[in-house]
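Several structures are given next for inspection.
What follows is a pair of complexes built around chain A, which joins chain B in one and chain C in the other.
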Partner chain A sequence: MPSENIIERERCVTGIDGLDNILNGGIPRGNTILFTGSCGTGKTTLSLEFLVHGALADENSLFVSVTESSDKLTTNVIPYDFFEESLIKTGKLAFVDMPVIYERLGLTNVEFSLEDVDTLVRALGNLVDELSVKRLVIDSITSVCYRLKTEEKIREFILKIGKALSNRGCTSLLISEISPSADRYSLYGVEEAIADGIVLMGNYERRGDLLRTLQVVKMRGTTHSRAKYVLDLTPAGVLLVPLLKGGGGI
Partner chain B sequence: MIKSPGDLANELHELPPSSAINLKIVSDSYFDAIRGIVDIFANKKNLNVIYITVAIPSHSIIDVLKILEIDLTNIYFVDCVSHIMIGGAKKYKNVLYVESPTMLENIMLKVEYLIRKSEGKNNVIVLDAINALGIHNNMKILSEFLHIFINNLRAKDAYSMVFTMEEFSTDEISNMMKLVCDTTITIGGGGDG
Partner chain C sequence: MAETTSIGVAELDKSLMNGVPRGYTILVTGTPGTGVELFAKQFAAAGIGKENVTYFSTTESDEAVKNAMKEFGWKQDIRVVNIGKMYYEKVLAKNLEVSKYRQEGLKMRDIKQFNASQAEQSQDVNFLTTLTYGISKLKPPFRIVLDSLDFFLEYYDEPDVLSAIRTIKAHTHLNNGIALVTMLKGVFDNRVESGVQDIVDITIEIERLREGSEFKRNILIRKVRNHPEKTKILSCHIDEKGISAKTL
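Moving on, here comes the complex of A and B:
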């Protein structure tokens, strides 16, 4: 029976060919994905490409930026061969700065309360409704979690935001920052258990060469490859090939 | 066995796209092989050339092509040599650099990128040469690479042209080439091939 469910689940085609192949057609629509990796591994770049492809496919796409200013991010999508300026002009591809949302909601405390979490989730839900958003990126969820502090509040936030977004049929990437040596996929360990999927980006060292890698660790609602892939960031978008094993061990 | 660039081009002309060719080169025929593929064959078939250099820096090959008066417009290079050489490389248009010939995945990625950029035009991919890759990589990873690489190229209807320098070839390399390529062509030399 599960195989029938797998076939039935509608896909959000990411538009990144290599990733869609790994996922057997795309992210099951409405999934909340933890996009995780250490700094400089390409999380922001990949998630921006996901949104540009969404906008091109006529799905309203929203980037919620917590750490970088959205002006700077806009310039990052322009070099793509497939980028069209009209996407931003028509609002198909939109950017919002999280600090602006905090301010508007009066969330001025360094540490958010449980009520604050509810307020924030409601506001993001409303934003998704208003703009009919089908693809959302929050970069990064780790920065939001810094304001939540406790495991309880983080759990509450991820559960509620995930539910709010999937109820609206919105496929979301939550960017998570971890240290290269981390033995888990998120800073608090809570996020990874709740998310519908985990995509891990990293660096792989082989005899002195450093390769950028991507691996889908989990994805509810579909079968997928769990192998490591090597990636290249190009003006044609992210390209992926399988990591060669070379018959060797580790 | 083939003697001239024209004969080589004619022989290649008969092969369908997605062919994988093991081109055995006897040393003094290197330029004939290049002319036959990059100039005559590619022009006849209206193909883009994606030239992977492992033995010789791309700028040296470009110099040779200029001397041979070969049009460079539709020739792209994936250069795996210049980055590891002291002093670094002067950057050319039409050349993509791979940091080291051990980064086999990155060779595939650069070729993939160039194929995407070729927009409908078909491609011939030249790997110059398998022996040079063999110096930098062990046979296990090299044959894994060649399998995946050539199968990807087949799926994209591209011609794969893998150079083997006869003088430097080993039994291991010959066996691997027999396994992945569907045709072997020898160019140059005295005896019959």
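Moving on, here comes the complex of A and C:
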């Protein structure tokens, strides 16, 4: 449990009980976290919950969808017991499609230049300013990296976006897709070195069941557990139970 | 002898085959200010009443094309397909919008305004394909004017432009139509100019020379397919009725 003397930085309380406990009170505000895992591990769901809790706590939240249309995503949010449609109507929870941003900025080349990276970071900064965004999710950063191609440009993008968001007091989750067998936390290996934190999500097979797992690998600005937790997606939100204590209803 | 149709300049018709054989593609070149664009319009006017005239314009507006024809006392019953305007709407206007967002910043409202149908519209347009598709749909008897090739040579690769000219030529030939394309002289390298000249059936150049305090124009028949004996130089005169030629 968090204790007063451990907390050095202001926290962004994720609203996901188990995760806040692991992080001793939440993500240090302004941190840029890499949420990484293979498909179906619950990255998008968890990040949406992070935003919904933010919006409920009066923190404007923005979901930047790169691969999926945001219309489709909003229907995925609805099953939560604690979700209120008014959050979207009042703009507390907003969705934008990255391809529309690309289009508006004329970023039509398959490979972005360094100038394009600046343009994109500036545009995201503009949106965060305009909407006073305190929580942001980019799903997925891997899809953006496909357009950056080189390590140099990926490094530039993550550093700049991290700085731009942090300066604005915005806590951000960058969703990263990796293959289940990957021996690193991000596709290009660059993202993980730069991010303020890494949360690894995976699958774990036990007695014929495929369990979802979550592990905080790194988090600047706080002490945290590095244990593996079992993650359950329920209408009440994400539930986390330590793996060794037999989570997931086993 | 194949059926012929007028090129729009009587003396030039005489110098060719008492007109231009149907199915032919003509190239008209000249440096800026020589009267190439006017030649294109006079050629267009010569087909009115006998042929379906379609004028593909890359730089002038529809009104500008028709007004110019009106000023010389020609009829204006032609269809203008404005590639230049399409280019503005699809590319330049979008570029302007992009520069605005880049300079002034992107607002949520700008993103919300952009819906799926706009996303579809914003697909890249290949104007070369637009041109050849437009021409492939023309029903005979037709007369095509393409003013000018310069636009396409500027934005597309040379082999693609040459291939488009071949398509236009083949369609014109098969349907007994008649086509005229214009190209500025001295802008593109010799290889491109020769490439285009090689495809067309007739090449005409309008030349302007300075003689003392006056300009003197000549019409050079540079190439007539299978009739090298018909290549010659005519003097060219331009007045309120348009372009006329005289055998030297």
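FYI, the second predicted complex is superposed on the first by the 236 of 250 C-alpha atoms of A that agree within 3 Å, B and C clash if a C-alpha of one lies under 4 Å from a C-alpha of the other, contacts with A are read in each partner's own complex, and residues count from 1 in each chain.
FYI, a contact is a pair of C-beta atoms (placed from the backbone, for glycine too) under 8 Å apart; a residue touches a chain by one contact, two chains touch by 3 or more.
Just so it is clear, the structure is predicted and the values come from calculations on it, not from any experiment.
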Thinking of the overlay built on chain A, is A:57 touched by chain B (first), by chain C (second), by both, or by neither?
-> neither
Does the superposition put A:193 against chain B (first), chain C (second), both, or neither?
-> neither
After lining up the shared chain so the two structures overlap, which partner does A:243 touch, if you call chain B first and chain C second: first, second, both or neither?
-> first
Tell me which partner A:209 touches in the superposition: chain B (first), chain C (second), both or neither.
-> first
Return first, second, both or neither, reflecting whether A:232 touches chain B, chain C, both chains, or no partner chain.
-> first
Touching partner for A:13 - first (chain B), second (chain C), both, neither | neither
Is A:96 in contact with chain B, with chain C, with both, or with neither (first, second, both, neither)?
-> second
Contacts on chain A seen with chain B and repeated with chain C across the two complexes = none
Can you name the residues of chain C that touch chain A in the complex?
-> 94-95, 97-99, 101-102, 105-108, 110-111, 114, 119, 122, 124
Would you pull the chain A residues touching chain C in the complex into a rising list?
-> 94, 96-97, 99-101, 103-106, 108, 119, 122-123, 126-127, 130-131
In their shared complex, chain B is touched by residues of chain A numbered 206-207, 209, 211, 230-232, 234, 236, 239, 241-248
Note: in the complex, chain B contacts chain A through residues 99-100, 102-106, 108-110, 112-113, 116-117, 137-138, 140-141, 144-145, 148, 152
